[in-house]
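In what follows, chain A forms one complex with chain B and a second complex with chain C.
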Partner chain A sequence: MASFLRHYGSLIGMASIVLFFWIALPDTFMTLRNWLNISQQLSMLVVVAVTMTVVMVMGDFDLSVGAMASLSGVVAAVLFTQGLPVPVALAGALAVGLLGGLANGVLVSLLGILPFVATLATLTMFSGAAFLVSGGKTIFGRDIPQGFADFARSGLPLGTWDGKPVLFPALTLLAAAVTFAVWLVLEHTLYGRRLYAIGGNAEAARLAGVRVTALRLSAFAFTGVGAAVAGLMYASRVASANPVQGDGLMLTAIAAVFLGMTVTRDGQPHVLATVAGVVTLGVMDNGLTQLQVDSYVRQVLVGAIILVAVSISALGRRAIRLR
Partner chain B sequence: MPELNLSGLVKTFGPARALDGAALSLRGGEVHALMGENGAGKSTLIRILAGLETADSGAVTLDGAPLRLGSPALAEAAGFRFLHQELQVVPALSVAENMHLARPYPHRFGLVDWPALHKAATAALARLGTTHIDPRAMMGSLGTGDQMLVRIAATLLTEGAAPWAYVMDEPTAALTGTEAARLFEAIAALKAAGAAILYVSHRMDEVMTLSDRITVLRDGRHVATRDRSATTRDEIIRDMTGRDLTDLFPRRIPATAEPVLSVRDLRAAGLGPLSFDVAAGEVLGVAGLSGSGREVLLRALIGAVPRKGDLSLRGAALATDPAGTWAQGLAYVPPERRTEGVMPRRALAETVVLPHLGRLSRLGFIRRRAATRLVARLARDVRLKASGPDQPVAELSGGNQQKVLFARALAGDPAVLLLDEPTRGVDVGAKFDIYALIRDLAAKGNAVIMVSSDLPELIGLSDRIAVLAAGRITGTLPAAGLTEAALLTACYQRES
Partner chain C sequence: MTGLTRRDIGRRIAGLTLATGLATLGTAAFAAGEKVAVVTPYLSQPGTQFYVEAFQARAKELGWEVNVIDTAGDVAAVISRMEDLATQGVDAIVLNVDPAQVGAGLDAAAAAGIPVFGMDAGTDPRIKANVTSNGYAMAAETAVYVANRIGGAGNVVMFVFDAFPPVQVRGAIADAVFANHPDITVLDRVTPDVSDGGIADSRAKMEAILAANPEPGSIKAVWAAWDQPALGALQAIEAAGRQGEGIVITGIDANPQAREAVATGGNFEATVAQDFAGIGATTADTVARVLAGETLKSNVIYVPTRLITSANAQE
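Showing the complex of A and B:
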């Protein structure tokens, strides 16, 4: 029973959440339009959570991703105001993500600072830098090129419904592409399996010839770039950039990875499980909003669900250990 | 004098019988050695005494009256105290505070009475004949041996039922010679005060000097309880293994003369300079006391610790990091399986393929089918008992976990196999399999360097044995015809 709960408890929980909203909102919840809407809303979170999974498989984590997402959006916007072409501005923002991620990697793997402390410090620095770069203001309107803002509104046409065109959102496509790429890397490449080995037992991995220091460093860089991509997606979606707009992504992303870990057989982070975690959180948010549940109550509920899922998983694991 | 009697103990874990009629009698005022191969049931018996496991059946009596066990509190009330290899200490608190962790501190005016606390600690230590430990010192600044003495002294502080039986599980495993000598003094003091000591150890020398009686378990059964003065080592070994030791080791095949690994002026922390060669098909044993450099040698060869010197593998300079040395054809089985070897919660296949992922991938992508085939073949070769390649390593027995590491080492058909304590914590059946693997490998022309503190194993498997003392090789002895006593004597000899 305990092992059944451990293996399937979270999946059943996730399915029953979907089922609950389907019944409670018969007309609006289980519709293509709503799901496309959810997928677009969640696309940034998916990118952050999925790239966060890369460091979490090593047993590390990165608190600075939200601040990095804010920073990259602001950097791109400021470069736009300088009249630079869109590709150059985007490259600049991504470079900032890469450098920030490398900085985290150096602190954690070369200097041996705990990820919590190192990324808490860089979180503060990235956040301060975002305010510095933007002058503390929201950059919007004519400063943001139309082509950049249009990206988030574009998509693959799926047909028309009620006379309006239905699009498969470009942001969702991008998130799916990132997910697929990270899944491929973590599950099917040398690089990914070595990251998993570090998470399994870092000292054993080192003695077996895994270059732990270099790999950890690169994984943090990966996560930094992911956060920057998410920041750009956010900026495109709201056609503006301010120095705090990505901050909320970090806690939710970590929560999603943990929620996902309750689904996997071995209790390890896994890309697809992370996506399941993100979707669960997103569906709850969407459904509760439609039910007009107060947003503060919503927050309490989402936190409680995470606790319940993680507790069940921990209890299941303990039952197995006692056996 | 109290007398504890255990008889007919049976304990099963699923299909496995850990105890199958184990018995033991323990009297106040004696040191009683409990011996047996790994997996013989010693630790299960101790866990039952400690109340961590409950026997399926069997009788436990104290002075003739039935004794109820089953929880740590009951064990403590019965007067048992346990000293494990991994001591539970708080390094950042003082010695005296560590001794008072489980009991109230002396108070005065509602505040801790520090002088009284330190006096109580000093008095308890003195009862063991220990005067060199300052009760104000931080626990973390003490060596393992002194920490153990502090833990023993703490048991003497108890109010109420005084402890009368001490269970010591491999207490000298991590101690230096001096520390062990101090522990033996403390044991003598406890014994003189009427306490019983149940002493679990693999070290024949200690058992033969310390103990009054020796009980041997094999496969969960009581084999014999013998008075130390009326028995011999050989008899105890026969009791433990059920056979004469000479049968343990496969026949050796002469080595060739072609050197594979050549080491010149190797230096590392606590090691060197030292030089040696290993030939193809040769098993080079390395003996030495703890602290002789025995622990560092293989780590230096594989590149896990910084080193200097001219090392070459088949004429090519040897890499200085594990990634490089594995790629060149070295393979390493580390001494601490759980912390340095396996990934406990992961599928065993992941541990096996880890150093070989480079060979098993094309353009960075893992060739899954090749990896699966490799793991299946190796699992057969090492006679691994597991439910499948996806079983987490932590679910396997010690012996099978070690076989996972052997499978990993053999996967690359290594030119030189480095074995650090290859049978530590391995049951006797797996030991045979591992010995056979080592011999087969040497017969195929691979070179093996084996560091072991198990002298019979070294003598039985090696072609030559290099003796380390103070970081240097003080002699290289042919293993054929070597006796344990001669090898031990060589270990104790410092270079002149």
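Showing the complex of A and C:
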């Protein structure tokens, strides 16, 4: 029973949240349109959380992702204002993400600074750089190319429903592609298995011939680029960029990974579990908004759900140990 | 598989309690009345709180069910919540964010046939009406105050910020008022660096202008498009020991620091207060008009502002 709860308790919890909203909102919750909406709303968080999973697999984490998302959006927007073509500006922003991620990797793996300290410092630097690059202003309006802003509103036409066209959102497709890529890397390559080995026991992995330093360094490139991609998605969605807009992604992404860890068999972070965590958080936001629950009450509830899930998982683990 | 332990039962009870709690919250929301949602990323800012409280008070009289959603600075979340509200089918959405940044949310509301209103938000074809203060009128109040105080003659220093549209219109009006007085000369039209809040750089710029114009009476007035440069200019004049020359300073916005300076009766003589509570209440009235079937002629509705001088600064 304990092991059943340990393995399925959180999944059942997640399913019951969905079921609850389905019953409370019979007409509007369990509809294709609403779920496409939710998927689009969560697309940025999915990209950050899924790439965050890569470093959390090794027991590390990256606090700088939110600031990097803000920075990448601002960098692209400033390049737009310089009249550069969209692909060049996007490449510039992604390059900033890659460099930032590698910088984190160097600090954590080569210099051996604790991830908390190293990425807290780079968080501050990226955030300061975003203010510097943008001059502290929101860049919007004619400075943002129409094509870039339209991306977030585009999608694959799925037909019409209730006389209105239904689109499979482009942001969702992009998030799904990133998720698939990271899932392949973590679950189906030697590289991914070695990252899990480092997370299990770094010293043992090193003795077994795994190049821990190089792998740890490279893994941070995922969070950097992932954050940059999410920042560009955010900028496209709001058709503007300001130096703080992505900051909120970091804590929610870490929360989603932790929430996801409660559904995995081995208690390790896994990509699909992270996605389940993100979806749970997103469903709470969507459903509680539709139920007109006060936004502060909503925040408290979301925090409480995370605690409940993690507690169930911890209790389950203890029960197994005590058996 | 072990049997059902006490811990398992505890867990089940905890789960049930949570579900019941959520259900209670849910049913509480299914009361009667028009459902109106206010979405803002800026609820923690003082001005926004005044709007929202006044809006809620008026909405209560109208018997509405108001849901205030604060996304804590997250603009993309404003779009997400607007999409949720469109799905839920509320009767109206009130925004307090630049509509240019939430176009996708406006599209979702339009597709669902839900009218959207701006509470000091900005104009957009998809917004029925934006209720705000008239920047042109506020600038006219202080520019005319300056022109009258100096008898329509003398040198004036202007602090402007043309890069930000709402502030740009203020400068344009002051330009027109001063140009209409042939004996007023605009000595300098300064754009301060606002990255530090605007006071320090305005002070530095004003110190340089004072140094370049050492004769008493060579500067009659400082007209600032908002309060921070006015406060910086005041500091510069006081630091230079020239507060006795009767240089008239005006600002706009009536922030607490500016109100205090005006109340002391020194050089900083006037600023303009927006009626935040009035904006909130008028927004509710505007929503009511549209819900009652009225078609609004203008998509901007102005709420009168008030000139603040030493006579009324402490109110």
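By our rule, the second predicted complex is superposed on the first by the 323 of 323 C-alpha atoms of A that agree within 3 Å, B and C clash if a C-alpha of one lies under 4 Å from a C-alpha of the other, contacts with A are read in each partner's own complex, and residues count from 1 in each chain.
The criterion applied here is as follows: a residue touches a chain if its C-beta (ideal position, glycine included) is under 8 Å from a C-beta of that chain, and two chains touch if they have at least 3 such contacts.
As the structure is a computational prediction, the values presented were derived from the model and not from experiment.
Room for both chain B and chain C is found when the two structures are superposed via chain A, with no clash between them. Of the two partners, chain B and chain C, it is C that touches more residues of chain A.
Look at A:Tyr191: by the touch rule set out above, it reaches chain B but stays clear of chain C.
Contacts of A:Phe222 after superposition: neither chain B nor chain C is touched. In the superposition on chain A, contact is made by A:Arg33 with chain C only, not with chain B. Contacts of A:Phe20 after superposition on the shared chain: chain C is touched, whereas chain B is not.
In the superposed pair of complexes, A:Phe258 makes contact with neither chain B nor chain C. Legend: residue contacts after superposition of the two complexes on their common chain; A:Gly248 is shown touching chain C, with no touch to chain B. Once both structures are overlaid on their shared chain A, chain B and chain C have a minimum Cα-Cα separation of 13 Å.
For chain A in complex with chain B, the residues that touch the partner chain are 188-191, 193-194, 196-197, 200-201, 203-211, 266-268. Every residue of chain A that touches chain C in the complex is listed here, in rising order: 1-5, 9, 13, 16, 20, 24-25, 28, 31, 33-34, 37, 40-41, 44, 135-138, 140-141, 149, 152-153, 164, 234, 237-240, 242, 244-245, 247-248, 285-286, 288-297, 301, 304-305, 308, 312, 315, 319, 323. Those residues of chain C that touch chain A in the complex are listed here as 1-5, 7-8, 11, 14-15, 18-19, 22-23, 25-26, 29, 35, 37, 65, 67-77, 79-81, 83-85, 87-89, 98, 100-104, 107-108, 111, 163, 194-195.
Within the complex formed with chain A, the residues of chain B that make contact are 302, 304, 321-327, 332, 334, 339-347, 350-351, 353-355, 357-358, 361, 364-366, 368, 392, 408.
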